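Below, each structure is written out as structure tokens.
Each of the two complexes below includes subunit A, the first together with subunit B, the second together with subunit C.
Right after this comes the complex of A and B.
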């Protein structure tokens, strides 16, 4: 418990320090990617690690967040970007409620495929509903929050790092409070043994739904952040590559721990950048590494750390 | 007007047969073995690419090539199961999904590296001349492909229902412990099923590569459609998978003909969502197993 809290705070402080002192735009870009992935993976981890279901359509909420910012922030609507970001998270949460109502009644492989079906439907809608989304061409020229223009040192990539740190802090706070609340403990009980949980009065649908909506909210936040940073949104924000990346981050880092997604985000971002050296071989190697992780470190990096240094985790053995 | 409708339905049935064929391997691997196999489309892709290598590069004729491809892919599937899949068996869906996603990424990109993005054509065994059935047009090569599809579907069904191997498979997937108690080598049954699934996927890839094209990047789309077909038909149900494929084919063809062509791919996903909403057992599931 304490270790996780210290780890997350330490990560945020380190990111802030790096954000202040790094001069290279490239390194700031990598730092921003780590922050986006950390938020996204933390939100997926709430479902995978604490509810114990495995959604393959989590990217739907990421994409909805991104498109909300792009559409509401466009000149035709002209809403200030600062306002669209929380709005994007709420839109994603609303869809989380809708999709959760349908999918959480299913389990196992059916849940996996139906959530994927939702993401694919949204991707095809974004490609074909040209009047709303500008179709495959996407929406370009998305602005950034006005706050980032206030101080000269916040301009450019450094401002986005600062924004990412704030959003990541919010994400970690929500995730931490959720996991260590009675709702979080109820969700873990459900994951461990559905029947026991029901026998002590935990309603499976209600608690999974609650966690699902919170996770959708956070994924929407990540999508909004991504949209303002890249300043372009196309149908590929609903694509399978994003899904694959976030799943790999969660499982590589270690599901069911709050620090796992952060470790995974750092590892995967650095790995993707480092593998660029190998040009065409890059993605093949990536595939092999993913398989190797499943076979040799099935609980991820943090799973290994927990196993090795059990004393640090004595109080969190339930989570 | 009615002629056009008939043509759409026939096109849908033809595509539906192909969907059923390409999903057949997944019915075994996902429906029976319960492995959410995201590399299914990549097995299909490998069948197409190897078929191109066999017929075009090594200038074999279609049927010799098909036998060679099936043999290679069955061996590949067998080895995959014995050395990789066996390590994630009975560990819940996640490790299997992640493992097959990794495998899919590896196979697609290795194929892209080796043969490039360009589409390749598998030499077809019959001409592509048209046949007129009253008002409806269909090409010879499609009729041939349907014949092969039906043969493969019937063959696989007979194998599972009538042979000793098939009986051992059904016993293993009903209760592995009891199956091994009566002397069934379950490890070998799992590997055989996986090899059969892989070979079926490769067969459909090669066959459809002779009608459309074989492409290194097709895998993802095929996987998704195959999942739709298997769920529509009910898990592990052969007859259901065929009906699921036909329903998907006709629905897509009618939607594309009368509503909008751009959103055709959406039909299958919408069908899956609706069907699991109203019939959580799948359309034709024989086992009373809730989704």
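Right after this comes the complex of A and C.
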């Protein structure tokens, strides 16, 4: 319990330190990607690791967050970007409620497929509703938050690292509180055994819904951050590459631990950059690495660490 | 406290439970016995809302609760275990019981992100209560062992602990002695007979272990082929020729 909290704080401090001292724009870019993926994967991990369902369409909320910022921040609407970011998270959460109401009545493979269908529907909407989304051309020229103009050192990529650290801190706080709360415990009970959960009074729908909405909120936040950072949004934000990446991060890092998605985000971002030299081959190499992890450490890196050092992860202190 | 009236359940043409009546008064241990397939577990599922009865009523404290959702029945204080061992496998024994205290630790959802002193107090109380229950069922020394690593007998005890963690008024145990050896079963009998009045108000058992049944029960209901065959005190049941026939077959 303490270990995970220290780990997350340590990661944020390290990111802040790197953000201050790194001069290279390229390295700052990598750091920003790590932060985006850490937020996105933490959000997915809440559902995969704590409710125990596997949504293939989690990217829907990421894309919704990105498009909300793009559309509300565009000159036609003209909302300040700083305001659109939290708004994007709430829009994603609202869709989470809507999609959750339908999909959470299903489980197993049915849940997997129907969530995927929702993401695909949104991708098609983004492609074809040209008047709203500018279709396949996407929306370019998304502004950056005005708060980043307040200090000269926040200009450029460094400002986005700072913003990412704040958003990641918020994400970790929400995830940590959720996991170590009565609601988080109820979700884990559901994951472990639905019958036991019901027979001790847990309403399965209520808690899977709650976690689903919180996860959608955080994915929307990641999407909003992503959109302002690359200042362009197109239908590919609903695409499968994001889905694959976040799933790989969660599985590699260790589902059901708070530190796992962070470890996974670092590992996957660095691997992707490092393997870039191998061009087309990198996807295959990536696949092999992931298969090796799933085969030899099915609970991911942090799952393995937890297994070895049980006491670090005890959720309840010894009385 | 619990009253079952004319409870019936059919699956297609199969009448799994037909017109079952019985009551569980406060402070008593009532047992439901009968050969395999007699409909005992179905009765459990009907009472706790996992199945919807075809006919009949379930009354709790005099109010009708027929076909309530399982979590609603638990919230009313009716807690059950399952015939097939069901625990939270990747959590430790202690965590299993902590998780079972859901109703005690439940907070409004927004409190999740903003816990106050009351939440902390409830958590401390849950930890204390969980330790006490773990000691009661005799798993104190196995506290930090993952459930998946416990023996079959220990899992049965853990299930009872999990159920107690939910603070039942009526505890319903489905074959708690299945897979236990004689010595373990005797320990369980001691444990169960000590529960009413202290940890629970009443107990409803489904069990095949006759020694255990006859030792702990105040009242026994015998079922066969979905129907009630007999009911009475353990002594009356043991002397009932119909019951003997159901179990042993007809004398030649």
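By our rule, the second predicted complex is superposed on the first by the 313 of 319 C-alpha atoms of A that agree within 3 Å, B and C clash if a C-alpha of one lies under 4 Å from a C-alpha of the other, contacts with A are read in each partner's own complex, and residues count from 1 in each chain.
Everything that follows uses one rule, which is that a residue touches a chain if its C-beta (ideal position, glycine included) is under 8 Å from a C-beta of that chain, and two chains touch if they have at least 3 such contacts.
None of the values given here were measured: they were computed from a predicted structure.
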{"item": "Room on subunit A for both subunit B and subunit C (clash or fit)", "value": "fit"}
{"item": "Once both complexes are placed on the shared chain, angle at subunit A toward subunit B and subunit C, C-alpha, multiple of 10 degrees", "value": "80"}
{"item": "Which superposed partner A:128 touches (first subunit B, second subunit C, both, neither)", "value": "first"}
{"item": "Winner by number of subunit A residues touched, once subunit B and subunit C are compared", "value": "B"}
{"item": "First (subunit B), second (subunit C), both or neither touched by A:244", "value": "first"}
{"item": "Partner chain(s) touched by A:290 [first = subunit B, second = subunit C, both, neither]", "value": "first"}
{"item": "Subunit B versus subunit C as contact partner of A:8, first or second or both or neither", "value": "neither"}
{"item": "Partner chain(s) touched by A:199 [first = subunit B, second = subunit C, both, neither]", "value": "second"}
{"item": "First, second, both or neither for A:189, with subunit B first and subunit C second", "value": "second"}
{"item": "Touching partner for A:281 - first (subunit B), second (subunit C), both, neither", "value": "first"}
{"item": "Overlay on shared chain A, then closest C-alpha pair between subunit B and subunit C (Å)", "value": "13"}
{"item": "Touch list for subunit A against partner subunit C, complex", "value": "173-174, 177-178, 181-186, 188-189, 192-193, 195-204, 210, 310, 314-317, 319"}
{"item": "Subunit C to subunit A touching residues, read off their complex", "value": "48, 50, 69-71, 74-75, 79-82, 86-91, 94-95, 98-100, 102-103, 105-107, 109, 111-113, 115, 119, 127-128, 130-131, 144, 162-163, 165-166"}
{"item": "Residue ranges of subunit A touching subunit B (in the complex, touch as defined)", "value": "48, 54, 56, 102, 105-110, 112-114, 116-118, 120-121, 124-125, 127-128, 240, 244, 247-248, 251, 255, 280-284, 286-291, 293-295, 298"}
{"item": "In the complex, subunit B residues that touch subunit A", "value": "30, 34, 36, 84, 87-88, 91, 93-95, 97-99, 101-110, 112-113, 220, 224, 227-228, 231, 235, 260, 262-263, 265-266, 269-270, 272-273, 276-277, 280, 291"}
